[in-house]
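Next come two complexes, and both contain chain A; in the first it sits with chain B, in the second with chain C.
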Partner chain A sequence: MGDPEMTLACLPIGHRAQVVKVGAEGLTRNRLLDLGLVPSTVVEAVRKSPAGDPVAYKIRGAIIALRSEESRLVTVRPLA
Partner chain B sequence: MKGLAVDARGVFAKLNPAHSDGVIALAGNPNTGKSTVFNGLTGLNQHTGNWPGKTVVLAKGNYRYKSKLITLVDLPGTYSLLANSADEQVARDFICFGKPDATVVVVDATCLERNLNLALQVMEMTPKVILCVNLIDEAKRKKIEIDCPKLAELLGVPVVPTAAREKVGLDKLKEAIHQMVFAHQQTRPRPVRYNQEIEAAVAKIQPELEPYLRGKIDARWVALRLLDGDTTIITEIKKYLRVENVEKAPREQGELKVVKCYK
Partner chain C sequence: MGPVRDLIVAAIYDQARQIADQVVRRRGAEHDIDWKIDGIVTSKVFGYPLMLGLLGFIFWLTISGANYPSQLLSNLLFGFQDRLTAVCQWLNVPAWLHGVLVLGLYRGLAWVVSVMLPPMAIFFPLFTFLEDLGYLPRVAFNLDRLFKRAGAHGKQVLTMCMGFGCNAAGVTACRIIESPRERLIAVLTNNFVPCNGRFPLLITMSMVMLGAWAGHANSISAALCVAGAVVLGVLVTLFVSWFLSQTLLKGVPSTFTLELPAYRWPKIGTLLIRSVLDRTLFVLFRAVVVAAPAGALIWILANVHIGESSIIGHLGGRLQGFGHLLGLDGYIILAFLLGLPANELVIPILIMSYLSEGVMLELDSLEALRSLLVANGWTWLTALNMILFSLLHFPCGTTLLTIRKETQSTKWTLLAALLPTGVAIVVCFLVAQVVRLFGLV
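Right after this comes the complex of A and B.
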């Protein structure tokens, strides 16, 4: 069975996933990489803002809010 | 007056009092306690000012240690120095072109891994780096133990643990700064090695940049920025270092393209 990949934007709250790829370009790409979203990093979706967007993620020891237009660009593999 | 002299336009001179014996940049991720370290060292001797042409506020302060007057510049808190924002560009330009006598990178002991990204970026720009591992009290509470001597050995730069809010370790930090600036203590920052393709491209571009940069800023670092596709660095080099024609240096345009696609 192949690994089911999804975008980070689809990761349910309370779930963890491993980064496979950052699909963005230019400044957005740099920003996402600098936040620690490099391949194999484990990310946890912590909570949603009242409006549902942005979502807070735990990335390498810090809580960071990402808008869906950013989290959509990150491909992840959910962890059990 | 040491440092800051490279600036042709007086941008950095404003940040540096004429009588200062040394200028130290303070860099770090947001919320690492950078301002607490800054306040702990300088007390009330501080001013803030706008970076010319940008809405970025910089704080500058002084302290005296062993009869030397040190000027500290609190740079904006950033995760990176790749000039993704005005804050990042100001921090980068100060470290790169302001030629501080040393740069202290304040990192959060409770999430060291995330903070080392910035530390490694600074170490690519200059060897004169001191790592200040702050919030060491918070780390202890979370049962995180940091082996500072080992970290210093692995990074090749001095490492000072602090709990800045309680003023713990700040004397050691002042001494480390003093050693670096006045005893010319040598560091050996361990360079980040990239994959073969990138290193091959750097090996071609770096020697072509060297005659233009003439040791004023690190040619390997500039080569890496060009491979990133960051063209702002060329503008800044011309502006601050009065280097002409630097954009002609990387004749290996093909190489630049290869690496860009690879990303």
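Right after this comes the complex of A and C.
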């Protein structure tokens, strides 16, 4: 568990990570929590849009696309 | 507060997962297939061409498939008009009343229904199919970057798709965009996507323009021309969205989350009922309340004479100078104004004005239409600007009413009418001046 923490936006495609903290506030925070992005949730970066942003993540079995503005606010710890 | 809430949400999700693990059986293969399909439809290489190809294919299918049923329906409905006339004669109904009711109201109604219904009946099921299949969210995923730059939401592309069917339906669909600002942008710009009511005009004008310009026109080159108009509409949408987000609706983009649901094969039965029956009834209702009274009014304007010519003749003459500035003429401007209740009526009104006839008409062949237009001073510039004006001008009456209902604001409704009209006037003016400056017509 000694891996460095990073933002979800930096997670490379195909890699998985565990949510540490959701830093967003207000409406954005509500929406991210609604999606199941709570601490200890495992998230996988699935694919990028052809334009590079947004990125689709696998969150609890659902595929959800987030813009970098949102994924930057989520702190994760990469899993091997 | 924050940590407690996180704990509560985490506990809820944990419990949900435990229940799901007990009762849901998963087959691994399904997600693999989804993953592979997404690998193609959202790839850098195939993503955009596939989208454009599908769009073109749906247009082509709608255009070529609607021809025959449209003809059938119009024969049927206009045939019934003769019966109505016979009944009126038998009852000794005065000529003016027969004119208003049968030649105006009923004819307007028959027109809108026969032009509008068949393409809708093809288009909506096709789009509902893509929607139910799960493809449309991928389109939003592919295009979000573009919309983000314009200060808009990726889901706007879905409301625009709906707008191809009907702008009023597109405006209602804007409810799926959560943020008020992006929603308003989507509402105000939906009209730049040409609806089914405007497609016949775009197609006819494309044929006229290509015929006059390149000497020949077929359904494929006309489809390409219409697709070009659509692409232009999308570019204008992005530009106006950007403009609105920088000025009237300035602020940061809202939060963006978009689910990419698993692909499912749609249930065809439900799909057909939902898309055909619901929309069919919607269109019929719309035609009755909006187009029929418009038909009656137009008949009155065309048949009440002041001095030498009808009211339409007078109004057309008044608008001549303004029309000419835009590369159009007075009758075209008038036809667009009178066509406010329903865009389908623009060409019939125009033909009626040119022929100085008392009833809305359609010509038997494209050739007949082309010679009539040329006899009235048309060039390919007129046809081109007709396409541009139709693409960019004010939304129809139904759409404006829907915008009023959705925004609850007269101010935004007014803007929704004036903004596109301004864009249409500026674009047509510039095109006309440039073409004339270089002596291209």
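Keep this in mind: the second predicted complex is superposed on the first by the 77 of 80 C-alpha atoms of A that agree within 3 Å, B and C clash if a C-alpha of one lies under 4 Å from a C-alpha of the other, contacts with A are read in each partner's own complex, and residues count from 1 in each chain.
In this text, contacts are C-beta pairs under 8 Å (C-beta built on N, C-alpha and C of every residue); 3 or more make two chains touch, one makes a residue touch a chain.
Everything quoted here is computed from the prediction, not taken from an experiment.
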Larger contact residue set on chain A - chain B or chain C: C
Which superposed partner A:Arg67 touches (first chain B, second chain C, both, neither): second
Contacts of A:Ala9 with chain B and chain C, given as first, second, both or neither: neither
First, second, both or neither for A:Arg31, with chain B first and chain C second: both
Chain B versus chain C as contact partner of A:Val43, first or second or both or neither: neither
First, second, both or neither for A:Gly52, with chain B first and chain C second: second
Shared contact residues on chain A - chain B and chain C: 27, 31, 35-36, 60, 62
Residue ranges of chain B in contact with chain A within the complex: 79-80, 82, 84, 108, 110-111, 113-114, 117, 228-229, 263
In the complex with chain B, residue positions of chain A that touch it: 26-27, 29-31, 34-36, 59-62
Complex interface listing, chain C residues touching chain A: 5-6, 9-10, 13, 17, 34-35, 38-39, 42-44, 47-48, 141-146, 148, 154, 178, 253-262
Sites on chain A touched by chain C in the complex: 22, 24, 27-28, 31-33, 35-36, 38-41, 46-47, 49-54, 56, 60, 62-67, 69-70
